[in-house]
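Below you will find the structure I want to go over with you.
We call the chains A, B, C and D, going by the order they appear; numbering starts again at 1 in every chain.
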């Protein structure tokens, strides 16, 4: 039976699975960032998500919104660099979007993902196609919206988002960067995947898995 | 016919041939010094002997003594390190030993070599067996003395000295150094030839060649 | 990777702790969140100067905390900008009521984190102005990028704005002189080797034995382009060309010439570059009035250097000469 | 070999020329023979302080020419002691009639060349005293060697004896305080990598990726022994152990702790070592009264550091604190 809503258990599991996948891909993200940035993206996110795990061990958020807020504050204060404020803003906007809701339905989930993406855009002022995490988030939001519109359950919405984000991340490879550190490289960035787009795809896949979707 | 004396032509030729052989073995001497010292011996001597060549192009010494003195002053002011003062003293003492003599016979040559060696000992306070250039000079002086005592001509005296110096240089390999930079290495110096002993052998061989002895 | 460290995760904390002990006469270290203040901060009536950024550029920024320069510095993780939760208390600690100037190098991460911190400090009643440093001419076409990077000019801005704050200029005036220095300084760097960030454990990029990277930044990020190794004079000309092109000085202008080591280059090489650069400036009719040569903003153990030229006016020169007393820059007291 | 140089043969001349231009307010450079003097040398009535040695240890020695430290410095070729023909005029330039102290690191080459120069300067009417620096405890069994090497302690001797000369001590007194510092300071170093002398073009020795060289000197010469890489705390203990063993301080003693970078090690790592060393000293009941951390006597771009401990007495502390104004060490003015 497919759940029609996701609750705080899912939200916490998402964060835990994100921490696991970020830890697992730490070196891979570092490698991506080494090629067109400064080689810290995997380290930064791993530091942030490890801190989230510690927080989650100490306090149990009551709603998805509180879980997102906890993630936002922790990432904001532990990650630094470009990714910290951007991911921090994403979770903060998601928290605002879901409010006090205890159960999130597909429409609320889409609203949360959209708010997260819009938050990143507002903070980072990047547009689609500038070789940033936006290039994972925007297709993810579009796919999630389409899935929800066609009546998909939350897990399917997240699966669609994750898959689109993965495709989006791969699609950053031929791009020239216009924002972030990779932008200084000009044409030398071509052929390399954007680390932030890759980590976004990993985190969205974790969301789907937490909702019960197989890898 | 074997010359019974050597004159300033020989002295100048000795210095020129020394410069050539030092330039040729520059990297080899650097390599020896890298292993148990600071890697500059070949560079130092090359700088010094190149300066001697320049001096010789500008002024023509009239006697072997003036040639040695020119070498002494140039090495003293251009070489630096341990080798500069030691070689400088060697040539200075040799100059004093030969005085104003225009022709050097075997006995005078032996006296010059002995004075040179004694000068190095006086400056550096090293004894035989301490893995320094003394270990080339002392057998050289002994062999030269023996050759002269048995009536050899100057060229043969120098050939004997050169051969003994070469043997002496090789014989520094198993030694532990007690003087100079290699002494800090303790047992780690074992198995390496002393660069100053090697350069001494090269320079004494140049003396023999300048006297007409085949390599 | 061979480094004098205990654990990649504690490098910054331990280094800043050691720094605080060694310079206890100058600074106080707040361990968590991590920031460094002048021992006597806040200084009654004085505008506070706060800077910060990723670690790995030492002595920047903590080395410039002290009389006549910064009131507080916020070291982030290696090459990673610090976070608002550290910048905010540092800002508050530096505030003596006259407001605080943030000196921020133009990188997305630094800008975003300082921006958030400034907003939140303002919410707590601290007036904040921001001087954005973007002196690196290596970034071509900065319209289509995140803008120019802030590099070695930062040191000059911190010194000169710091002197302005010390003499009693008000908040807007300190920010204005900081911006004026930024507008009059250009820099460009070269790397002969990469650096290794402790958490990565591998060099930040690969260079062949006879290759150098022109237009390098200070984070081990790749530069403008790669060329075969050449002479110090040749490299100096390559760096100084774009700097002067962009700065467009006119004959007779007075300049400060700053040759900065990236961390792993011997001082002798920096002076060889300085000599070549001074000659080129003189050939261009410029007057080298002030100089700075050394490792002042580094990229860990990277081999290479940057050259900065600051067009001086009398006020900047006076503020440059004003007494400064920090762990890494000190004169006049 | 990648270096910011034009020609291995002109490295020292060009570097010292650039140094002279960058620090024209402090020093004068005599190009041939090569030596550096205080701009205002000789200083009426003051004992002159002259040091020198092979180049490649910058800022030593020329960086310490100025008020309160050296009157003249004589840079030799790379890692090669200078020659009498340069030491003699430098000595004469530093002599104001009160005599000159030579500060000489204990290496055969330095000793022989300075000895000759001292004799010849004496012959020209300059009274010369020599302070021989031999602080390196890495050399075991120094009875059977050319004696201990002079390393980082040199900087402390130049500062403290320089202050004594500046306050007007006479020739024997300046030499005596120099010797007193030497007798109370011990040092030991470690290399994580070798350095490359320009004329050799290859690293001075080979170290495996996980090996370090304990007891390294400052000329890229091999050290005491080689061990596998370990933590900063572990390495610090290995260096400090022999230093304290030899110095044999007693609880309550006041010390100056000097962590010196060999040229290619980031400041952050030096502070990590400083932190570890300060802790060990405190555990031994010693009081760290003064500190110095940075690249003060280097071996080109070698990665590594040395740790020196100087047992202070009140006079040494006072002389350490006295104003100094040189390109590389400056405070109090």
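Here, a residue touches a chain if its C-beta (ideal position, glycine included) is under 8 Å from a C-beta of that chain, and two chains touch if they have at least 3 such contacts.
Protein identities per chain, from UniProt: A, B = Dihydroxyacetone kinase subunit L; C, D = phosphoenolpyruvate--glycerone phosphotransferase.
Source: prediction; values computed, not measured.
Peer 1: Any chance you could name the chains that touch chain A and chain D both?
Peer 2: C
Peer 1: Hey, how far is the Cα centre of chain A from the one of chain B, in Å?
Peer 2: 75
Peer 1: Taking each chain's centre as its mean C-alpha position, how far apart are chain B and chain C in Å?
Peer 2: 54
Peer 1: Just give me the whole-number Å value for how far the CA centre of chain C lies from that of chain D.
Peer 2: About 29 Å, centre to centre.
Peer 1: So, what's the distance in Å between the C-alpha centres of chain C and chain A?
Peer 2: Chain centroid spacing, chain A to chain C, equals 33 Å.
Peer 1: For chain A, write out the residues touching at least two other chains, lowest number first.
Peer 2: none
Peer 1: Between the chains shown, work out who touches whom and classify the graph as line, ring, star, complete or other.
Peer 2: If you draw each chain as a dot and join those that touch, you get an open line.
Peer 1: Every pair of chains that touch: which are they?
Peer 2: Final set of chain pairs in contact is A-C, B-D, C-D.
Peer 1: Which bits of chain B are touching chain D when the two form their complex?
Peer 2: Going through chain B, the ones touching chain D are 30, 34, 36-40, 43-44, 47, 76-86, 123-124, 177-181, 183-186, 188.
Peer 1: Can you list the chain C residues touching chain D in their complex?
Peer 2: 2-7, 11-12, 14-19, 21-23, 55-56, 58-59, 63, 192-193, 209-210, 212, 229, 231-233, 235, 259, 263-276, 278, 288, 291, 293, 295, 298, 300-301, 303-305, 325, 330-333
Peer 1: Residue numbers of chain D touching chain B in their complex, please.
Peer 2: Going through chain D, the ones touching chain B are 33, 54, 76-86, 107-109, 112-113, 115-116, 138-141, 144-146, 149, 197, 199-200, 202, 204-205, 217, 219-222.
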